[in-house]
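Each of the next two complexes has chain A plus one other chain: chain B in the first, chain C in the second.
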Partner chain A sequence: MPITFKDVFFTHDPNTPLAANALKGVNFEIEDGSFFAIVGKTGCGKSTLIQHINALLTPMSGEIRVGEFVNHPVKKKRQLKKVPELRREVGVVFQFPEYQLFEETVEKDVAFAPKNFGLKEKEALDEAHKALSLVDLDESFYKRSPFDLSGGEKRRVAIAGVLAFKPKVLVIDEPTAGLDPVGAEEMMSLFQRIHDEGTTIILVTHDMDIVLKHADKVAVMDDGKCVGVYDPKELFKEDISSYSLDDPLVYGFAKRVKQKGLDLDVSSIKDVDSLADAIIASKGGIL
Partner chain B sequence: MNFSLGRYIPYESIIHKIDPRAKIVGIIALMVCIFLPMRSWTMTATSLGLSTILVIILLACTRTGIHNILGSLKSMWFMVIMLLLVYTLMPYNSLPNIPVDDNLGVAWNLNGWTVYWGSFAAAGTILMRLVLMISITVVLTASTKPLDLTYAFEWYLTPLKVIHFPAHEVAMTISIALRFIPTLMDDTKRIMKAQESRGVDFSHGGLGKKIRALSSLIVPLFVSAFSRSEELANAMECRGYDPKAKRTRYRILRWKWFDWVFLILLLAILALYIYVCVSGFDPYNFFFGLTLQ
Partner chain C sequence: MPTLDEKRTILEVKGLTYSYDGEKNALNDVSFAVFEGTHTAIIGHNGSGKSTMAKLVMGLLTGYKGEIWAFGEKLEKSNMRSLRSRIGIVFQNPDNQFVGSTVADDIAFGLENRQIPHDEMQKIIEEFSKETNMERYLEREPSNLSGGQKQRVAIAGVLAMSPDIVFFDEATAMLDPKGRREISELVMRMRKRNPKLTVISITHDIEEAAKSDHVIVLEGGNKILDGTPNEVFSHEEKLRECNLSLPFFVTLKNALKSKGFNVPDDITDINALEDYLCR
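Showing the complex of A and B:
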């Protein structure tokens, strides 16, 4: 489902002294089936923006289209039609999703969403087991209490809780924050797999290496606005420090190597592997 | 739900500048005024009317919109209906506390089911008192930093230290509790959003569904509250917090002339109300010779 933002404005706590203009006219489009990253400095409105995609927030003005669904300004949220259908299609994994766990066992917690969306107990548990194996948690976890798990395991359970209802669009807010490097890598390869199976992924992140490696498109946000949608490699060619963004490590390394005289093809670099290939290629295939 | 009600709102009004110690006493005086029983419905109406005007002025000073207060009433409609039912269905004067005034006459009489206008007046009085109570509390919390409030509490409790009352500990507990109200509200909002994304509907559905929906909110809320309190306790201990230690203060409360003015004004109002209440003084009769009965 393609997603379009059109002149979206949003204010937290309007008409109070605490009012915060989080979105100030956001315009962009997310193509169906893409792996779309959203980057920008802390407090620029990324988390606020993604909550509009499944109608947790409704804009003050402007509209968000998700397939057939239109999220537009209304007085009361229940005036929006078909919200449950929308939420079934668009799964959102929040920043620090481990706060949402509440059932006695891991499998019950993961089966919670499918049951809410109308699956029978048995089917829901089946989906839960599938989702748990996707996030690499085996049967020994099924009957454990989600509160006895480590932080990283809780995060996986919470993510499985959203994967379990197989949303067509998966929105993820900083899934790798606070994970160990291997765990973060596994998490990203999980999302890559899910994307390869046909799910649209929208990823908010501060890690530019992840953007370079996984995303096909990246939107840069600054102070409540979208300043542009780029191809990741194009973005990192430009000077991006004014948006408090930094070059990905591999890219910075390649740039530095190029400055020092090695004729590298920077445009093919996505991760450590492709960097190594590029260096070898520039040496004529032999070291 | 309106989550901003009851929060401290940083404006620079006169009410904000009044010493919290004066404010607490003044606000308590005002609450007593509202709950003083008057002899007749005319005086009840008059006293409540005057209190309302006073409260509206205070609210305007702290810039809390009246629509915010009325908004918070929306969630109380059930109570309002119950009140009306109880007062109209019960035989008059069998209710404690608020004597139904039968001078207002009979509203209707259906085969022995007599309903007096006084019942409605009594129900209205209770409702009005409730609204005023909420508004006054909002004035206090919106215009006073939680920390200042607890300093004031502690100040009032200090004399009790002589009898080994743990004044500082109590004040600290209160200040922590107040400090965490907004945090818990933010948590509530965040958890609700996460569960709504998982298909929970907090506003529709039958009783069973509602209970499940609520448990998906309350359990994580408790978990996060407990983990927060543990973290806070650890953090305090790491910094060498000792409740028994003697400590100095960064902000010192200073009593100024307008604190006196505020306090004396409100105490004078209280005195007037008490006088009217006790003596049964009827200004309508006294000044204008009217008998509004």
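Showing the complex of A and C:
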């Protein structure tokens, strides 16, 4: 399902002294099946933006198209048509989703959404079990209380709860925040797998190494506007510090050695392995 | 730089064992020393026992086996208050540590508890809000600040108490890269200003650990490694078993090596590697 933002404006608490313009004319398009990253400093409007994708917010002006669905300015949200259908297709995993767990057991928590969407108890549990195996939680977890699990396990349960209704588009906000490095890597390979099976992924992150490694397109947000959609490698060639973005570690290193005089071809660099290849090539291969 | 064991021990735990449920040990006979004026990073994956360790040392959990020594004294019920008053803590969640309705009130909270005279208090607030670059925000409400700014206020409040040891309990885990950078620059400034200040950070950030003086690795409640970053990060197998990744510098050095491009052993940090490659 392609997603299009067209001249989207949004103001928090309009007509009050607290009014804050969060989106000031956002335009971009997300192709069906892509792994799309959204980056930008805290407060640039990323989180407000993603809440428009499944119509948790409606714009003040402009429109957002998600497949057939159109999110546009309305007086009352129930005037929007087909919101439940939209929310079956677009799953959103918010930041620190583990705070949203509420059921007695892991399987009940994960089965909540499929049941809500009309599946019978048994079918919903089947879907829940499938989703739990996707996030590497086996049947020993089914009957446990989600509150007795570790932080990383809780987060995986929360993500399974979204995967259980098989959304075609998965929106994830900072899924690796607060995880240890290996936990973060496992989390990202899970989303890569889900993407490779055909789901469109929209990822909000501060981690540019993740963007470089996983995303095929990246939108840069700055002060409520989308300043551009790039191929990640093209973006990181530029000076991105004015958007308060960090270079990925591999690119930062490549840029510094280049500045110090090493003739390095940065175009193929994606991770540490390809960086090592580029360095060796610039040194004329192995002697 | 003097080696670690030439420095004065400021905090030491001996045979520390703790269990939440009386069955499984969250910490298992852990001993280590922290040296004055150093930055020590305690790392380990989620559930390794590092937060339990921090809570014990900070006196937030009791009923442990073993000994905790701080400033040359054994921690007991009778001296807990006086020893603890020399240790400051910055917690993970910036929203969970505010009591004041303005930034200035918040920095003042600890000082008021110590009954510092008003004039003196004003001076201290001014000094540490400047130190943390928060002097323009003194009348603001803490809840309207960014994550990095909130943590800087928390740090100002801790520094105002002139502690000898500052504990950072995953204090940057919830911040964006800019907030994280602000905090790490601030920690550097603090240590430059007061070379005797000891910083202990419980962290997931391997790059931060790589820049520290002393790294302690916990796994399943046991101490696995203890030494300088260079020593600790040379034990790749063990770190992998503990589900920890290696710093960027070590990963790159290894990738080069595995492709047949050897980097000499005396290249021990990222700057040296850059210079070596550009020679």
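Observations on the model:
Everything below uses one rule, namely that the second predicted complex is superposed on the first by the 275 of 287 C-alpha atoms of A that agree within 3 Å, B and C clash if a C-alpha of one lies under 4 Å from a C-alpha of the other, contacts with A are read in each partner's own complex, and residues count from 1 in each chain.
Just so it is clear, a residue touches a chain if its C-beta (ideal position, glycine included) is under 8 Å from a C-beta of that chain, and two chains touch if they have at least 3 such contacts.
Just so we're clear, the structure is a prediction, and the values are computed from it rather than from any experiment.
When both complexes are superposed on chain A, chain B and chain C sit side by side without a clash.
Applying the stated contact rule after C-alpha superposition, one finds that A:F165 touches chain B and leaves chain C untouched.
Shared-chain residue A:V272: touches chain C; no touch with chain B.
In the superposed pair of complexes, A:V257 makes contact with chain C only, with no contact to chain B. By the document's definition of touching, neither partner reaches A:K75: not chain B, not chain C. When chain A is checked against chain B and against chain C, the one touching more of its residues turns out to be C.
Rounded to the nearest 10, the superposed model shows the Cα centres of chain B and chain C diverging by 80 degrees about the centre of chain A. In the superposition on chain A, contact is made by A:V92 with chain B only, not with chain C.
When the two complexes are laid on top of each other via chain A, the two nearest Cα atoms from chain B and chain C are 5 angstrom apart. Those residues of chain C whose C-beta lies close enough to touch chain A in the complex are 44-47, 92, 146-147, 170, 173-174, 176-179, 204, 206-207, 243-245, 248, 251-252, 255-256, 259-261, 270, 274-275, 277-278. Listed in rising order, the residues of chain B touching chain A in the complex are 4, 7, 9-11, 65, 187, 190-191, 193-201, 203-204, 215-216, 219-220, 223-224. By the touch criterion stated above, chain A contacts chain B in their complex at residues 13, 15-18, 51, 54, 56, 78, 84, 87-88, 91-92, 94, 97, 99-102, 112-113, 116-117, 147, 161-162, 165.
For chain A in complex with chain C, the touching residues are 41-43, 150-152, 177-183, 185, 206-207, 244-246, 249-250, 253, 256-257, 260-262, 272-273, 275-277, 279-280, 283, 286.
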